[in-house]
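Written out below as structure tokens is the structure these notes cover.
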Amino acid sequence: MTGKQKKQIFGAIQTALILIAMFIMLVPIIWIFLAAFKSHVDVYQLKLFFTPTLENFSVVFDDPYRLGEKLLNSTIVAFVTILFAIPIATLAAYSFSRFSMRGETLMLVTILATQFVPAVVIILPFFVMFRDIGLLDTRLGLILVNLAIVMPFAIWMIKGFIDGIPMDTEEAAMVDGSSRLQVIRNIVLPMAAPGLLTSAIFCFIIAWNEFLFALILTNKDAVTLPIGLGLFKGEEGDLWNLLSAAGIIIMAPMFVLALMIRKYFVQGMTMGAVR
Amino acid sequence: MAEIKLNNLTKRWGDFIGVDDQSLHIKDREFLVLLGPSGCGKTTTMRMIAGLEEPTAGEIWIGDRMVNDDLPKDRDVAMVFQNYGLYPHMTIFDNIAYPLKVRGTDKSEIRPRVEKAAEQVELTEFLHRKPKALSGGQRQRVALARAIVRTPKVFLMDEPLSNLDAKLRVTMRAELKHLSRALQITTVYVTHDQIEAMTLADRVAVMKNGIIQQLGTPDDIYNNPANLFVAGFIGSPAMNLINGSVTDGMFVTTGGTRLVPVKSPDREKAILGVRADDMHVHEAGQGDIDVTIYAFENTGESTLLTVQWGKQRVIARGDRHLRKDQDDVVGISLNQDHLYLFDPETEDRIEM
Amino acid sequence: MRDNTLKYLLVLPAVLVVFVTAIWPLIEAARLSFTVGRLNRPGSLDQYLGWENYLWAFFEEPAFWNSVWVTAIYTLLTVGLTTVFALGLALLLAPGGRLRSSAQALLILPFAMSPALIGVSFRFMFNPEFGLFDAFFGIVFPPLADVSWLADPQLALAVVVMADVWGWIPFLTLVLIGGLASVPRDTVEAAQVDGASGWRVFKDVTLPQLAPVLAVVVILKSIFSLKTFDQVFMLTNGGPGTATQTLSHYIYFNGMKYGQIGYSASVAWLMVIPMIFLTYAYAKFVFRKADQ
């Protein structure tokens, strides 16, 4: 066999492996996608060809499922969470990035560490407290605990973006006559805007997909989409076509958002430990 | 317009000393260059004048005001940064206008002043662009325009030409010189490039390890270096430093060659400094001493001969038509009017 | 305002939020772990009984040790498998080009899928009557045709592991592709010119330089594996029996279903301890990078 032939065969094997890997990555997603358009009868058969129907999508919004309410809850909770988290995180991130403070490393490590505390530990005391002050099954309560998982991400991610803004520019603005707060408003915020948007999207996805807090804290009024998945149980077990339709409604907006922040995905998830 | 006075200025980070108890008086309208290798404290000194760094000790006066406790914005200085520090999200017009806007200058006044500044640095046609769409030289001009758009008390320039390519640097240097003569504003200019220092400065302060080694006109520091460091730092190629001693009124190399008469009393160790241009090249046997060529380089405008002199190598500049080869033997003689004697212990200059 | 005051004011709100949402619950959970802590018994949240909850977990509760065991196996398997597969996929995809770039772009999609949803979709696919994987395995290896995956203790754990590995491979692959990109090309090229085979180049040059990134990947994945809850809850709900009950699920079950807040808080704190070590290791990498 010549070197060229060897190379070709090797290349073909690689291409095949990549295609298989992509297939495995996509099959569960495609399968849900297909099931969402199947009728109640078709879903219990392994059919690839069927008459697609949009019926599932209207059923999930009707009684008794009322997915619309859950959609509204998820949207409000995720939005208000980032509405609080991003500005607060931005100010802190700027300070961490640009100044040295007493106890700075301790603060940063603590913030990093809180990210790794199991959610189930955080939620026990909150459940007790919310029960006592009547915040159970409210969006406000959910927003509050969501801050716990979103803030560390936001601070570390935004700090990474601000670290990337050259000091020169800020110093130029200060010599040009700006106060520190003017520098933040006129120079840092516009320059960090793409990073802030990326961080906001990242945190939105995290809050949107959050499961355990919502499972424990909500049961009726403030139920979010991921918990809503538990509703689709009939007498003979799971109603797969409806579950899939609901799954699409949860996934689709996140796919769009995730594709928008693809470039910063790794940086965000590892908080700068890589790259 | 104002003079700048630095009194016993010190900057320390923990054990590291950036600037060590230095005093400097920069005259009104003077163009002063802080020159030195990286880490010598020149940029730190400038940043303390700008207010971007807080001194550990000492006083900074701009005009008749002690500015130690003033924020950068209140010091009325303009600064050009090494990487220009342009605002990438603003147009060139807004970049230049920013110092005026943020100081609340009347709107009607801003446009003519920005246009005038842009004209002075030949940027008029780029005012609507963003910095990203400009070349390095053009960005440099924006930074300059942003500094000259108002009339600050002091200009501060931190290695403003170091990011330009060699050719553009020469052009911008001339433009900078022209502009500074026209504007007549006190300027502090930081660089590690001795040619920039020599060409632009009224006076040069050569720094090393946080200490000003010598303060003087370019002529002064070139022709009268105060110590070994200044002698070795200024001039290209670097000054030749020949080890030897002073015996019976003569400088004697370690190899035993009695080279030149000196007035200084006898001393066991001394260093003789001589620039390449003050070493004349002759045919073998016709100079003061014969040496072997280690490397022969033709730079176009002259030739450089690195020659083996005992255990040392020295560089002599030859005529541009001279042609020699490695291992050839040539004679060299020294120009006795331009020799420098140093004490190797203190590194200070000794009267010859 | 001087920077010296301002810098503390800027971090204050964030520090407060982190304190209230993360530090306080930790402290409060520690307090609860020493109480009787029954949800349905008023006053029991302030009734202290010392180390009893911890002792109970250690000596009286086989279910606790079962969940420790499940979590350990689960963590070991998922960390190992995900890392190995992700490294392979990263090496396949790193060179770039059209096919590889589009494959890299697709890798982001499973991240957007919430773990709960991954649990649902795997339950769907391993359904013994109309599940896709089930049918697929039946064709490839007929003896598996009629296996009820989720009803068998060992196989159920295998499915939970599979779902987790599936969900995490894309992320770790992207991290490792980034790591591979930061291995200086000239070191690889130097080894090639020196005559090393493809495998030797990988083993002698690429892998050692990738080691810090791999370490980060393993630490990070271990942390997330230890915490796993969402998929397990949606996929098997800990079953059959307690065959797939991870620590998080055990804590949830005792706290929320049985109302034993005090006891579950003590188990939760036992779970925090390995996290502290892992976080410490992780922080070392983050700050080592910052020092460079």
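First chain written, first letter: the chains are A, B and C, and each begins at residue 1.
Methods note: contacts are C-beta pairs under 8 Å (C-beta built on N, C-alpha and C of every residue); 3 or more make two chains touch, one makes a residue touch a chain.
The structure presented is a predicted model; accordingly, all values stated were derived computationally and were not measured.
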item	value
If a chain touches chain A and chain B alike, it appears here	none
Identity of the most central chain, Cα criterion	A
Centroid-based (C-alpha) most distant chain relative to chain A	B
Mean-CA-position distance for chain C and chain B (Å)	58
Whole-Å gap separating chain A and chain C, where each centre is the average of the chain's CA atoms	16
Interface hub residues of chain A, defined as touching at least two other chains	179
List of chain B residues in touch with chain A within their complex	50-52, 71-73, 75, 77-79, 81-89, 98-99, 102-103, 143, 146, 156
For the chain A and chain B complex, residues of the former touching the latter	166, 168-179, 182, 186-187, 190-191, 193
Of chain C, residues touching chain A in the complex	1, 3, 6-8, 10-11, 13-15, 17-18, 21-26, 28-29, 32, 39, 45, 89, 92-93, 99-100, 103, 105-118, 120-125, 127, 129-130, 132, 135, 166, 169-171, 174-175, 178-179, 182, 213, 216-217, 220, 223, 226-227, 229-230, 233-234, 247-248, 251-252, 255-256, 261, 264-265, 268-269, 271-272, 275-276, 278-279, 282-283, 285-287, 289-290
Chain A residues touching chain C - in the complex, by the definition given at the top	14-15, 17-18, 21-22, 24-29, 31-32, 35, 43-46, 84-85, 88-89, 91-92, 94-96, 98-99, 101, 105, 107, 109-114, 116-129, 144-145, 147-148, 151-152, 155, 179-181, 205, 208-209, 211-212, 215-216, 226, 229, 238, 240, 243-244, 247, 250-251, 254-255, 257-259, 262, 265-266, 269-275
